[in-house]
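The same subunit A turns up in both complexes below, where it pairs with subunit B and then with subunit C.
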Partner chain A sequence: MPMLLRGIEMLSSLQRDALKEFMNVSFGQAASLLSEMAGQKIKLTIPEIELSHISLLGKKIEDEPFANIFKGHIVSSSLAFGNELKGKAQLVFPVKEGKILVSLFMGDEIPLEDDGFMDFSDTDIDAMKEIGNIMLNTIVGSFANLLDKQIIYSLPEVEFFHYPDHQPKFPHETGHYILLIRTTFSLVKTKIEGVVFVVLTMDSISILIKKIDEMLVELYG
Partner chain B sequence: MDNLFSLILDQLELGIIVLDKDYKITVWNGWLERLTGKTAKQVIGTKLTDVCSRLNSKLYNQIFQDAILHGKHRFCSGAMNQFFIRPADASRCPQIKQNMLVQPMEIGEARCILIQIFDITGQHQRVQQLKDLINELSITHQKLKASEEEIRHHAYHDFLTGLPNRLLLLDRVNLAIEHAQRNKNGLAVLFLDMDNFKLVNDTFGHAVGDQLLQDMALRLRNCVRKSDTVARLGGDEFVLLLPAIANPDSAAVIAANIIRTVVEPWVYKEQELFVCASVGISMFPKDGEDAEGLIKKADKAMFYAKGLGKNNYQFFNDAMYNCTNGGRV
Partner chain C sequence: MKILVIDDSAVYRTQIIKFLREFLPEAEYITAHDGAEGWNLYKKERPEATLMDLLMPGLSGQEVLKLIKGMEAKAKAKIIILTADIQKYTRDEVEELGATKVINKPISREKAAQIADVIKGD
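Up next is the complex of A and B:
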């Protein structure tokens, strides 16, 4: 098992691939639910996944490939969870991409940036809340299953912030780690880039890595 | 106390349903009674999916199952699901919008589900009205932009031929002069007047005259480079601006080509028609350093060419100033 230290690569490439594989299954379930909601085929892919100490989050989102998403106005849908597994999961989009996504889900025309339609109405916020709820419930649920932990879920909250003036809100306590998952929503008409953050405690991360190693042993012996 | 809670529950402006682990209704408040016309007495003990057929789908079954088995909370928006509880008056269905909140609840050892239904029809309609208003404003804005563009085009272009008019020509000549000064280059201005155009109008009518002017514009454009300007000043007068020409011989070649092109026959109503043109040429910087002056001198040279018997081109020279009757003096 690799050391859980700040500033160093926390996952080996094999562990990263196994985690990506596991997340792909979970994202696949979320995609199937979202497709049903949107009435069109939605594919969720995970081009990048990283595990990092929470204190490095600021640095991580300044660098590629996350820097493209953290530019200017951001919309996020977040969900806190507790009990045996404590943390927070957050789905983040640039406001423009988020607006396009909810418009596609609601069957509205895709807004153009210079149309001035980039503001979120109450209805758009509701739709974003539901999209976040479906995705984050599925992702957090799959972690709970993998780690065999009981979870108490909360209701999702939608927030807007301007990066870098306002940073995403996460518990910055020592011992918290964050999974950064860059995700692409492929819809019929367009592709939308977003990020999913999952903040977990050191205990949960240790169990997660142990589980990943078990998966690798099963796979490669 | 139970009566008090029941009274409060019935007064709420939202729908409250509580389901037991078998998805049977245990609470159905007054708001839902008013909406559906179904009383608590009628529905309590019945499966929710039997009372609300809309919730009898794989998607909602999964949501209720996730709440009971995994303690998952779920928000379902009216924006994506329209509504969840059908009103008694079915004609309201197309307008109605509801949000639904599904939350697991622990009562002692037993887990049950709390469902809250919020009517957001008014909020949705306001958003829709706002969207419609923005759409209308956007269409009006597009129309205004298009008509502004059209007005701007008309202000700088000749209505009949679509060529630049005097205003745009002056601007382009001035810009070309500035450019030539910076690059120590020259330019030529050709003033063209059709010979005997009045005769075409008188013989064939104004419709043919107008068609001839439009076709002349096309032939002239085909005689020059893309970067050159062909303008119509009015009547049968055209001016060509040829930037980046230092040698008068190059201007002479173009002028001769234009004259040859103009004398080619023009066919209207199966009749061949012949016209010719006189062309005057002024050169920058030799003949002047401003647009008005260069055009005026090219005009003077054109007038001189006409005096020499038409269908030819002449370069401006100062002697032409003393000449009041073209080349005949």
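Up next is the complex of A and C:
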């Protein structure tokens, strides 16, 4: 799977290559699980990874790759984690596409525009929480496994907001870097676009880079 | 045979039972929406098998597992963990606590067949 990385000047080309390969595996697993949940073949289009300071996130949301997602009504499923690795992972969809995904997950008919696309029942919210829980656990859990670190999760949360009136919440502590991952999932019958954000503290990113270095030393001596 | 399903997601409780019924149609399914309710139902109903999530409000799956094993360490009741958490630390932890089997979400027909085999003792 091709992968685009931007803004990771702090990494050497070998480190970048190792990180790309690692992300390919994590995303492949997450896409495979989404395919299972949606009961359809899912094509994972070119994901992008960007490492930058959290203070730049607001601007990045307005960049071209995210403009289609961050427009109007949005639903997000998030999972905070702590212990040896700290951060937050968040899955964001336009409400319409989130509703389609929930329908696929529950084996329901795909709703029509006139059926009240914006209406998320308690059951829909519960399903969206589980979809986020499973996908984000796969991505974050594979970080933890690679780094041989134990993380403890908070309960998953589902939130609705209208962009740009309300913006998604991310940790804003000093020193937070964001590992920003954008994915586009294409389903057979319809196209669902979503964004995955993984926010790691600087300490956690340092652990990740140190582990990549160890793997490279093992490989190349 | 009584099977207790403990998960804070109503959607997931429904999915688990829907898949399992195909392999264990005669079983009586009991559900709990969090760890505390699950623990109370376990004490009251003494199910032959319990399927349980880990990350739940109030009592976590690990805490319920400790309570069950603390009450009857040598009990034959099977405790199957069904979780989205893929960490090897988590798997090691719950296996050490006495879980019979750990399976990662999402549930599927194939995974339900595995769970049914564990419950039937195959």
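Rule of thumb we're sticking to: the second predicted complex is superposed on the first by the 175 of 221 C-alpha atoms of A that agree within 3 Å, B and C clash if a C-alpha of one lies under 4 Å from a C-alpha of the other, contacts with A are read in each partner's own complex, and residues count from 1 in each chain.
The criterion applied here is as follows: a residue touches a chain if its C-beta (ideal position, glycine included) is under 8 Å from a C-beta of that chain, and two chains touch if they have at least 3 such contacts.
Computed from a prediction, not measured in an experiment: that's the story for all the values here.
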Joint occupancy of subunit A by subunit B and subunit C, clash or fit: clash
First, second, both or neither for A:Leu104, with subunit B first and subunit C second: neither
Which of subunit B and subunit C A:Ser121 touches, first, second, both or neither: first
First, second, both or neither for A:Ala18, with subunit B first and subunit C second: neither
Which superposed partner A:Asn137 touches (first subunit B, second subunit C, both, neither): both
Touched partner set for A:Leu179, first subunit B, second subunit C, both or neither: neither
Contacts of A:Ile74 with subunit B and subunit C, given as first, second, both or neither: neither
Which of subunit B and subunit C A:Val198 touches, first, second, both or neither: neither
Contacts on subunit A seen with subunit B and repeated with subunit C across the two complexes: 33, 36-37, 105-106, 122-123, 126-127, 129-130, 133, 137, 141, 144, 150-151, 153, 155-156
Partner subunit A, residues of subunit B touching it in the complex: 58-59, 62, 66, 70-81, 99, 101, 103, 120, 123-124, 127, 130-131, 134, 138
Parts of subunit A lying in touch with subunit B, wherever the complex brings them together: 33, 36-38, 102, 105-106, 115-117, 121-124, 126-127, 129-130, 133, 137, 141, 144, 150-156
Touch list for subunit A against partner subunit C, complex: 33, 36-37, 105-106, 122-123, 126-127, 129-130, 133-134, 137-138, 141-142, 144-145, 150-151, 153, 155-156
Residues of subunit C touching subunit A in the complex: 8-12, 55-57, 84-90, 105-106, 108
